[in-house]
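Order of writing sets the chain letters: A, B, C, D and E. Residues in each chain are counted from 1.
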Amino acid sequence: MTSPVASIRDVAMRFGGILALDGVSFDIGPEQIVGLIGPNGAGKTTLFNCLSRLYTPTSGDILLHGRSLLGRPAYSIAALGIGRTFQNLALFPKLSVADNIKVGGHAEIAGDFISDALRLPRARAGARELDRRVGAIVDELELGALAQRLVGDLPFGTQKRVELARALATNPSLLLLDEPAAGLNHEEVDELGGVIRRIRDGRRISILLVEHHMGLVMSLSDHVVALNFGRKIAEGTPLKVQADEAVAAAYLGGTAQ
Amino acid sequence: MTIERTTALVFLICALAVPAMISGFVTFQLTMLLIYAIAIMGLNLLTGFNGQFSLGHSAFYAIGAYTAAILMDQFGIGYIWTLPAAGLVCFAVGFLFGFPALRLEGTYLALATFGLAVATPQILKLTPLEHWTGGVQGVFVMKPNAPFGLPLTSDQWLYYLTLAAFVLLYVLAKNLVTSRTGRALLAIRENPIAAQSMGINVSLYKTLTFGVSAAYTGIAGALGAIVIQFVAPDSFGFMLSVTFLVGVVVGGIAWLPGAIIGAAFILFVPNFAEDISKGLSGAVYGIIMILLIYVMPSGAGGIVSSALRVLRSR
Amino acid sequence: MELLLQQILSGLATGTIYACMALAVVMIYQAIGHLNFAQGEMATFSTFVAWQLLAWGVPYWAAFVLTIALSFVAGVLIERVVFRPLHGAPALSHIVVFIALLAIFNNGAGFIWDFTIKSFPSPFGQTTMFGSMLNAHQAGMIVCTLVMLVLLYLFFSRTRLGLAMRAAAANPESARLVGIRVGWMIALGWGLASAIGAVAGMLIAPIIFLEPNMMLGVLLYGFAGAVLGGLTSPVGAVVGGLVVGVVENLAGTYVPVVGSELKLTIALSLIILVLIFKPSGLFGRAVAKRV
Amino acid sequence: MTALLSVKGLTASYGDGQVLSGVDFEVQRGGVTVLLGANGAGKTTTLRALCGMVRRSGDIVLDGAPIQNLSTEGVVRLGVAHVPDGRGTFAQLTVDENLQLGSITRRDRRGIGEDVERCFTYFPVLKERRGQQAGTLSGGEQQMLAVARALMLRPKLMLLDEPSFGLAPMIVKQIFAIFRTLSESTSVSMLIVEQNAALALELADHAYLLETGRVVFSGRPDDIRNDPTLRRSYLGY
Amino acid sequence: EGKYDVGASDTEIKMGHFNPYSGPVSAWGTVGKLQSAFWKKINEEGGINGRKINFISYDDAYSPPKAVEQSRRLVESDQVLGLFNPMGTASNLAIQKYMNGMKVPQIFVSSGAIAFGNPSVYPWTMGWLNYASEGRVYARYLLEQKPDAKVALFYQNDDFGKGFVNGFREALGDKAKTMIVGEASYEISEPTIDSQIVTLKATGADVLFNMSSPKFAAQAIRKLADLNWKPMHFLTSSSAQIGSTLGPAGLENSVGIISTNYYKDSTDPRWKDDPAMQNWNAFMDKYYPEGDKTDTTNVYAYLVSETIAQVLKQAGDDLTRENVMRQAANLQQFSTPLLLPGVTISTSATDYFPIEQLQLIQFNGHTWDFIGGVIDGSAE
């Protein structure tokens, strides 16, 4: 097996009296889609927040391409190749769709106060480069007609798509998607599945996917990790995890489907 | 874009032509207007674009003014050079103040900056600093004449100098806010956590913005000192900060051209209120402010942007 | 030693003035989520009303109660008349209106009652006590402040109205969705803040004399006290006010060279320092943010 | 059955863009009505319009009385509980306080206490988190809180905007079971917007389909199950 | 046939003025209002030498930049003959160069700063009184009466307070170092000054020189009583008013306070039947009924207006700016009944402070007693 893109090593996270993560370990391989499932409050989003350095784990380590992330500040994570979406949307509502996505490309182009204020050639070159990339992503996710609309005025599903586009603009090697299918109907979920697969195949990147929509997780994932009360309770192929008794009891309800 | 370009061009032509048609006094007033507009633009960069609230910009205005006055008075440095110097000093002070400000938000930040505004006149009066600051008496500044034998009065020359500074600073600010940096500033205002996850060094941007904003206001302060020819601690009280803030809101939050409108408001409306009633000028000013906010809750910028939207949707 | 004790006591007495105003600041902050810059001027205006009533021969306590009632109504009216049309306007626009109100009340008070200082009677008298370190009025004021503190604390933490008010300020849209009349909650907050301000004004005026700018400085210290203690906590407001009073006196007395000229600056710097380590104030509850 | 809520010619707009253009529907007394539609069809807007949270016009009659001119709080005070899109939790307040706020318009202290306990039996995790600031709950926990808070009103009409949003499959089943119990044992009526159409249709007695601000279909759940295109879009088989 | 500069003609004299009508020190706005009323009265009585006074007064909000703007408006746009009694040290400092450059009179500046009486550098700027002279008067009295005193200084931290301190120190000379045992200042934004008084008491001083504005002076007087500290108490004249300071502080607490004055205190019962005071009261009732008669600022403003009228009268038909300035510098023992007995107003080409004679006074519980005769406070 090739070396993993990211390894989560015995990560624990405590908030006051609550142990949100309790010694979680697993690997994300190259070009893998790893599904992360578990009941509400199991610690999935907390793990995302640890991966993107918004939280510092109480103990344990997180490696990206073999190097620890923990010494890195949160703003450097995008440049290191981790892009993410947020469970409850964290867009910039008063900015246009295009600008929101461009913010995702912030670390991808050079620039600073002085060269921007003076419109130095390198700032202009960067801006053109960003326009090009964002244009491509906008086309890919079919947001072209909305590019100049304010994000805050768009329906929920569309906002989720903008967030995905913004995450792609960071040019990630590991993409973290937190419940991308929430609030979508069947048709839209199927469509989303296609989009995610295309993203992985087109960019040859790894994806960590948190999702309660079992159909989507099971059809997309190469590997599934199940959490409960901050602990890993099962791991393996979708079929194996789905058949796991503990997962069925804690998460799916009743017996395994 | 074309509407904006045309307006800017017309503005610039008018601004260049106008001193020939008006008296020295009105020229002086317009100079003050431009100076306040620079200060308001600086505050808008911080508060309007970056969402950091400041009631402390009178302090930066004061530091800029004193930097200019002391450099001229004690070190005999030419007035032109005091402008970049004031900008640099204020940038440094603002940048440093930006660090504690990082930990504070909204109302708490407002109070910290409020403290800065209140403390500044007292520090300027400080006995150990009297040698430089002139203590409570302040410092005099010589009024410069037009250089190179230009056929301009001193008022006109200062007006053109200020206009040049304004245009330069406006263009820089405009470039900044429409660039990658400007997007980062707005993103931080809208959602700092998301901004961080998208690769924006939030702390650095916030402190730098504090510095840049302070530098703008400081340059305005230096120009103010040169034009007024005098600085004294009590000119820079907390009410000056409030005045700038009023200017930002009236002009429009996060809308740069609003600086001119805001400056005109804070410069002319008090005079107008005084014309209506001497005894109640403060109250009249207050009522005008309230009525204005009723008519344009988002300032002139709000009106203009909705007008533009209507125009474009046609 | 004697001087130290004197300064601490005098700081506490002055701190009570700040604490009084800080309570009003906390009240309005809980109701609208902002600092109201006009609060000091509103309190001054109320105190002038009380002074006028007394001058017309109304007995002290009747004037006291009447002023509180009038201030409450005036506070409610200000919200309903001035701020209601502004719901939905950006926060900064509200601040401009606070400033406008400040100008209106300050100018109005000066216009009606002139600028010469007026003595305002104390219900507790001015006899000195504790080895002439405090006078009866200051002692009475401390008691009144504590009573207000307890009432406010109970109001916010124990009553459903207090909860509704906090909810309305924290998230107006959701508050409407649970049936809270948000507009009236805010108006009530204004009314209460204005009433507390009136009490503060009437307690403070006997010490610092009544004039249109009476509260300009007090409000500044009141803000400082409230922020130091935490804008969401009445207890914090009182502790913050007292701490500011004492720290300021000690700085003025014991910091060499610049102490007396910079006592306010030193006090403010200390506050900013505290906030850096505890950004929500000493007693304020930190608002945890997560995504 | 008679209509508890009947809506005629409802329009709504944000700023200058009209989003609903004449929507008609009804919710029967004690019944469950489902509103389906694609992303951006105007479902959320419909619920918001009922509560006066957006500019709207048209006739809205609740229990025989017109409510189209009432304020949001006025509508809620008539017994309409809304689980809004985005949950609308009071992030800075505790779980307990959030629940108390759900019942803020009620006067019966005793009943409120009982209802809090009932909510805790529905969602035991909320009990564990009762002193925690609601904003720090996980997404799903906040969704449970939003549903629980709506129950605290003892409403006669519940407007549920994607109640299963972000919930784990097991909890989704549970809350629909709760809705079923409520619907069967009390007289509460429900208007549900739900992407998990299969579950919602099991509960519903009537369904409407919204497309770009218009009702394009109205019928019984079986009518949808029997229509091949609708079935594919909304039920996924 | 008259000689005129801009701002004057056969029928009219245009006078410029500014003071704060708004902002934190708008209390001073009453000066401008009283003067408007005064000139209205003069005009109704036929004007000065047959010319009507056109009095234009603006608000400078006590802000130097605003003062510059308003002065330029007055000079360049309204074209006044000169600025008469403009208010505020900083504001006047800010316009001093401009006024002298334009050669426009800036007369009877309402401030006590020493800078306004410097005719060799600023011939177009004339002050009114200076704080230093008053400080010197107290110092000389103290050296005479109590040469071994231990003095505590309490002052407002601005030009007003520091002006007194400077004059006082200067007149004490070498003894200043040993005599002054404590100093404390305050900012006008401070709500109370209890702490300062406590500190000063702790220095063991037996003389307090109190250079504070009325509100703080009243607080200090009361705190002194609370602390039961009874030093010899000098209080600057601008705060030594029965109505606006001693009354609120408690007359019983104010007994023994020593001050100076040069005009009559409208709240002093001593002047109840004084014709000058009755005249003033009648004026207030008729022309400025909204004015506060217990505010002695209104007496001051009246007195200054009378002096201005005198200058214009002396100028006769030669209403050039130069002559106006010359006449302002040529007041010889001018006296009006509102001045205290024995006090007169004099100026010369080298003396640009009209008011330098002061009467030492001491409060006896209901009125002021005169101590000795009128003292001249000019520098040696």
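The rule is short, and it goes like this: a contact is a pair of C-beta atoms (placed from the backbone, for glycine too) under 8 Å apart; a residue touches a chain by one contact, two chains touch by 3 or more.
Keep in mind that what you see is a predicted model, and the values were worked out from it rather than measured.
*Asks:* Treat touching chains as neighbours and tell me the shortest step distance from subunit C to subunit E.
*Replies:* 1
*Asks:* In terms of C-beta pairs in contact, which of A-D and C-D ranks higher?
*Replies:* Result of the comparison of A-D and C-D: A-D.
*Asks:* Roughly how far is subunit B from subunit E, going centre to centre by Cα mean, in whole Å?
*Replies:* Averaging C-alpha atoms per chain gives centres 36 Å apart.
*Asks:* Based only on mean CA positions, could you tell me how far subunit A sits from subunit C in angstrom?
*Replies:* 48
*Asks:* Distance from the CA centroid of subunit D to that of subunit E, rounded to the nearest Å?
*Replies:* 74
*Asks:* Round to the nearest whole Å and give the separation of the Cα centres of subunit B and subunit C.
*Replies:* Centre separation, subunit B to subunit C: 31 Å.
*Asks:* Show the residues in subunit C shared as contacts by 2 or more other chains, in ascending order.
*Replies:* Within subunit C, residues 103, 107, 220, 261, 264, 289-291 contact more than one other chain.
*Asks:* Hunt down the residues of subunit B that sit against at least two other chains at once, touch-wise.
*Replies:* 118, 122, 125, 193-194, 279, 281-282, 285
*Asks:* Can you tell me which residues of subunit E touch two or more of the remaining chains?
*Replies:* Touching at least two other chains: 22, 24, 26, 157, 187, 189.
*Asks:* Please name which positions on subunit C make contact with subunit B in the complex.
*Replies:* Of all residues in subunit C, those touching subunit B are 29, 33-35, 37, 82, 85-86, 88-90, 92-93, 95-97, 99-104, 106-108, 111, 220, 223-224, 227, 231, 257-258, 261-262, 264-265, 268-269, 271-272, 275-276, 279-281, 289, 291.
*Asks:* Along subunit D, where are the residues that touch subunit A in the complex?
*Replies:* 14-15, 17, 36, 38-40, 44, 85-86, 125, 132, 136-141, 143-144, 162, 165-174, 195, 197, 232-236
*Asks:* Under the touch definition given earlier, write down the residues of subunit C that touch subunit A in their complex.
*Replies:* Going by the criterion above, the answer is residues 290-291.
*Asks:* Mind pulling up the subunit B residues that touch subunit E in the complex?
*Replies:* For this pair, the touching residues of subunit B are 23-26, 28-29, 32, 118, 122, 125, 135-138, 140, 143, 224, 228-232, 234-235, 239, 270-271, 274, 278-279, 281-282, 285.
*Asks:* Tell me, which parts of subunit B touch subunit A in their complex?
*Replies:* Residues of subunit B touching subunit A: 172-173, 175-176, 179-184, 186-187, 190-191, 193-202, 208, 212.
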